[in-house]
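Paired with chain B in one complex and with chain C in the other, chain A is shared by the two complexes that follow.
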Partner chain A sequence: MASVFSADARKILLRRISEFWFEFRSKRIGLAGLALMLMYAGVAIFAPYLTPYNPMSQPRLAQAIAMPEWITVFPQFQEYGRTQRNTLNWQIVAGSDYIKNWGTTVDIQYAADNPELVQVALKSHFAYEQLAPNEFYTKFRYEVTNLTDVEYSMTLVLTPPDANGSWVFFKSPTLSAARSQDVTADSKDPLFIKLLGYDLQTNVGNIIFAQRGNYTFTMYLNLRALSGNAEAHILFKEAQIVLLGRVHGILGTDYLAKDIWSHIVWGSRISLIVGLLAAIVGTAIGIFVGVVSGYLGGMTDEVLMRTVDILLCLPLLPLLLALVHLYGRNVYYIVLFIAIFGWQGLARVIRSQTLSIRETPYIESARASGGSGFYIMRRHIVPNIIPVAFASMILAVPGAILFEAALSFLGFGDPRVVTWGMMLQHAFGFGGFSQLAWWWILPPGLAIIGLCLSFVFVGHAFDEIVNPRLRRRR
Partner chain B sequence: MKTPTIEIKGLVKHFPIKMGFFKTLRAKIVPEVHAVDGVSFRVDKGEILGLVGESGCGKTTTGKVLVGLIPPTQGEVFFEGTKLASFSEKELRKLRRKIQIVFQDPYESLDPRMSVFDIVAEPVRIQKVAKNETEVGEMVRNALEEFDLVPPEEYMYRFPHELSGGQRQRVSIARAFILNPDFLVADEPVSMLDASIRSEVLKLLLSMQKKLDTAFLYITHDIALARHMCNRIAVMYLGKIVETGNTDAVILKPLHPYTEALIAAVPVPDPTARRIRVTIKGEVPSAINPPPGCRFNTRCPHAMEICRKKEPPLEEVSNRMVACFLHTKKAKK
Partner chain C sequence: MREYLLKRIIVSIFILWVVVTLNFVIFQVVSPVSPEDTYLPLDLDIPPEVRDMMRELYGLNDPLHIRYIKYLRNMFTFDFGISFQSRTPVVVEMSRRLPATVLLLGSSMVATILVGTPIGILAASKRGSKTDIATIGAGLFTWGVPVFYIQLLFMLFFSYYFLKIFGVQLFPVRGIYSIPPPGNPIAFMVDVAWHIALPVITLVVGGFGSWALYTRNILLDALTQDYIVTARAKGLTERTVLYRHAFRSTLPPIVTIIALSIPGIITGAMITEWIFTLPGIGRWYLDALNGPDYPVLQAVLFMYAILTIFCNLIADLLYGILDPRIRVGVRR
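Entry: the complex of A and B
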């Protein structure tokens, strides 16, 4: 519309906004809500700067359900360590004839003129000075190429600082073919625990890394030449040991060792998007149905209001679960479903408002000036119900957020995004509650409460401005 | 005889009473409010016709039918000789620029969400009279100046709640006049205003009417005000015109007992003045079930046998039309 851009219209709009702000400014609770809301919006907008981790793809940052880092200020958690990553740097112990290169990558070129058995041994140290970790893993990669008539096998052994006994971390069978492999020895892997010779329930981390000091990895490589022109090229690289921390980050980790703070931060985006979109779409439908129904009346009114009645009677939660199940767990479908089932009350209110506005003389004079029904709805009825609709829209946001959280909590959330409801579901289903992992349960709960409260505060302040009758209640 | 700007013939407006579904089934006839029951009059260019009557007598309904806000049950409205009913919806909408209405309540008749500028500009925008927004602004400024809202910039950006009652009514009159209408209905435009600002608003209204030579229907319950304003007066009672004629004739020598009563009810500022007391008893009968015969017979001090049986026709008696057997009989004799 051209009038929007004219100077006169701009002045009118500015006056309207400044007047509204003037009134809003005096509502303390509204200001508090607005500040809270802006904080959430800021978190949502600057999410990539607030956390280095992507919520959907993270390396293993610490042990599962690790406590927040700042917990170490309390004496009973003082010794809890962070994650320690050691890249292994190899030194030669035996077989230096064949080792062309060593360090983080070891290059072994073996050639023999007659059948023989050769052992190559490498050694690497790392220091560990913290409380024994609950979880750890070791990784390396070997590549055997150019192989002719050689049988080989390897063994990785860890020796503790006091050199009393040792643990075999990896033992390959005797092989005679070229091959490359990534090897992982994970303290959570039952096969690994079996290899170490413990019960499956044993916390091997606590046993192996109970001592503090220099641990030593030794790699034994047995090479057997089968003929006179035997040769092999063996690369041994990317070896590391990761001792996963008992504490991590601002809010610890969840059962998959993912950073909870990053989930909270990125979850604010989804919650805000879901809440606002659902409220906006729902309010738009509500305004449309209410205004059309109220202004046209008659058969249209009857049909629309009976539709509203029917929708109001439907059992919402089971229906939503069924719809989500049918159409897939997509967050935008969920928004749409929440919106579709969230406008009936508003439509009723808007309709009754429209009925009373319809009879006012200014509508009659607009009609007397030749305004069409559409014109009157657009220029007179909608602007007059917009404040009420806007207040109700703001108040509808927490409802949508809670509904999405409820759906996620019931396991019907979008698996491709992180939401606070889903965090709670995971905490509920994967040990957060049984272990009382408060750093996992409380943040999403508090975040939902805070966000909903901010909208409720702002909505009520709004409501007080647009419904002056409410002011007397205090 | 020149074509009147607006003329209505035998206008009838009945409002059916809304009842529940089952009541409607049982009822033989749907009861109706007989708001207007056979009203005819004409307003010429430059003329002011006062439509006078108590509240509930159908004045406002007549006005609304005239500007096309409600369709008549029966009867016809002619605008400059053409039947309104013969116009298509589109033509009718165009015609609306020539017919405007000013409502009684200045607090209700302005959209509280619109600025004064938008309110006054609304008819211009709807009718697409102006070429662009600058021209709309020009027209609005002129209209506001015309009605003493100077400087226009001071009022244009305000909202109705920031104006006094008189200013509001001037805004709604400015809005009515912005398209230079040929016919204006003013439905008690000053009855809600303080006495002190009434005359000012009326003066503006009159001077504008003179300037544009508008045909003007002035609806009021105040017969003294009607005398001051109008060229002709039509007195309405319960949906019918009982007496109509030139202002002076009707006021100075009322014939219908109801007109007499109305005039007698006007307060006289002199407490010692002697006045004729015409007493009418009781209240206005229900418009759902109007009394048979003359509608005034239940309250008329001169009611006769014939008044309860036959409806008096509107006949010409000494320079005016009157519907009363007291006079039509005399005239026959």
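Entry: the complex of A and C
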């Protein structure tokens, strides 16, 4: 910009800005918008500090569509539990001769001189004192190495606090080869529900963890030596039971058990980038076309204005959907498409302003003193239309944000980023409504509205200052 | 007048030609999808020799300019081909889907105008009052609030929550009639009205603010004119001044803006049809995108373009007819 404006021009510009700020200060709605805008900018900039979770890769934090944590202050949700992760710590029940190490990692070294059948048993307790969870999973890993002439099988059993009955969580076939495996028993897994002996529609979490108190896992390892020099080395580790919470975080979770608050926070970046970039690019095109068309006139003007007419006749939303569909769901394409189709109105306004500026005496004298067309446009016309263009740019931001939100809501957003429109799409398409998940449906929409209104308020206040037509008769 | 009409029509046809050409370029020339796939469903496993035969049949082996001319001919004779998804001619399907869209848009537009205009007049006649400020607020609000979100909220509260709390389905959430539809014609009409009530109400809620604000601004413009001062000076009542003098002069821009807003409303109604599962043109287009069903896409884009251009033409002509000051080409 330094090359565009001389020192004098800079001084004038600074004075105009301070005058402008003086007028803007008296507009309450503009100040409110500005405050809101700064808040969103803050959220976008400090996103990594506002949420511990990365929006794109998160472990399973709680059950799917979990309510926000603070809901527990209401009496009817008081008992709703948070996610509870228990690392299982094993103790020896039987077969202590072979267990070299126990605790979170169990090291079993088995050797036999003659054929025999041995059972090794381990157990682990954990306490559960909350309302039964809807979802849970158990994980562990076993590694069998150095295996010679041993057949083995293992069974994991859970016993409730009242020790009345038990559930088989995992049962391996009888194996005779060395292998390592990660085992997961997930309450959402139909095979696991079948193993427990329930109907597929059953909420097994509610049945198994209905009691409160100390639950016990017991691991039975059956080892059968087939010959005189049988041996096996078995590692048993990383066992944990995760009882997924009915409540989670600030805004609960969505259908994939992702943290909604983190999506809201990171979504502000995408919305701001899309809105600002599209508005800036669109305004730049609009200024260029308007000034060139207005100043040069003649054939150039005719061609440019007919192009504007044609672009105004295009069905915008369907065409953008088709373009995004054909060229790929990339957020920068979306910005570009919105910008390309969003400058026509501004170009017309700028053109008419340029037409009136062109006739002023100082332009004539600039031309008489030999200024080239480009010089005059840059030096004398563009600075004059900047206030109007700036107001129009600010008012173009909410349009672009809403457009991107609509595209995402219809399922044409960039799948590599989290956007508020996409959150609404998921809530609409994956059961947010039938489950009345207000914590999933309300935040993204309110975030969109707040951001757009902040720009509308600021733009409106701007427009009232720079647009003489809107000034009241005093 | 006739000269102007003729000129406008020629310009409109020119614009239509440009749009169709753009359509051709987007779908047939620079598209990352190969042109034959825009004629043949992608999922169809066709033997190579049949594929060649079909390429020949559809003229895909012709040079580009011949294909372009054929494309123009097909579009302008409404020969859009066969839909991949329904396997029926696109024109037939389009005529089947049109009533839902027309019904939805017609009723929501009329309702929006009926609600918004009086509010705008009221606000303008009491400039600076609370009504006026509320109208400006409602107008600004529509700028920043996505209509589809209003629809989602209404659906959440008046369908889902209402059903949960009162056990009654106040508004249905999908379709344009119950399944199976009632046989009695009157019962059927009531059923349809019940189904489109929520979409129409939400469109009005999302649209009346900007409409009222627009009416207010035009009327305020008119109220600052010298002839209003004259009318007041003559001692006419404020009512007469408002309706006879000021409001009459606002009709041309209002009618124009109605005509100009139709295309935007129609494409905007796409999302409404998507949310409420209404079997209209917009829903059809979105389903075609997910297909993808290229004959339908091209046909609907073409129809949207015709509509936009036609409405622009009508707006221009109406403006000329309604406003005597710019009755184009007429010497008085």
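We take it that the second predicted complex is superposed on the first by the 458 of 474 C-alpha atoms of A that agree within 3 Å, B and C clash if a C-alpha of one lies under 4 Å from a C-alpha of the other, contacts with A are read in each partner's own complex, and residues count from 1 in each chain.
Keep this in mind: a residue touches a chain if its C-beta (ideal position, glycine included) is under 8 Å from a C-beta of that chain, and two chains touch if they have at least 3 such contacts.
Keep in mind that what you see is a predicted model, and the values were worked out from it rather than measured.
The wider contact with chain A, measured as residues touched, comes from C rather than the other of chain B and chain C.
Applying the stated contact rule after C-alpha superposition, one finds that A:V73 touches neither chain B nor chain C. Legend: residue contacts after superposition of the two complexes on their common chain; A:Y375 is shown touching chain B, with no touch to chain C. When the two complexes are overlaid on their common chain A, residue A:M299 makes contact with neither chain B nor chain C.
In the superposition on chain A, contact is made by A:C452 with chain C only, not with chain B. Contact with chain C, but none with chain B, is seen for A:L316 once the two complexes are overlaid on the shared chain.
By the document's definition of touching, of the two partners only chain B reaches A:K11; chain C does not.
Of the two partner chains, neither chain B nor chain C is touched by A:A163. Counting contacts as defined above, no chain A residue meets chain B in one complex and chain C in the other. Residues 309-310, 312-319, 321-323, 325-328, 395, 398, 402, 405-406, 409-412, 424, 428, 433-434, 436, 438, 441-442, 445, 448-449, 452-453, 455-457, 460, 473 of chain A touch chain C in their complex. For chain C in complex with chain A, the residues that touch the partner chain are 11, 15, 18-19, 22, 26-27, 31-33, 140-141, 143-146, 148-149, 152-153, 155-156, 160-161, 164, 173, 224, 263-264, 267-268, 270-271, 274-275, 285-286, 289-290, 292, 297, 300-301, 304-305, 307-309, 312. On the chain A side of its complex with chain B, the touching residues are 2-3, 6, 8-9, 11-12, 15, 360-362, 364-372, 375, 379-380, 383-384, 386. Here chain B touches chain A in the complex through residues 64, 67-69, 93-94, 96-97, 99-101, 103-105, 108-115, 117-118, 122-123, 125-127, 132-134, 136-137, 156-157, 172, 175-176, going by the rule given at the top.
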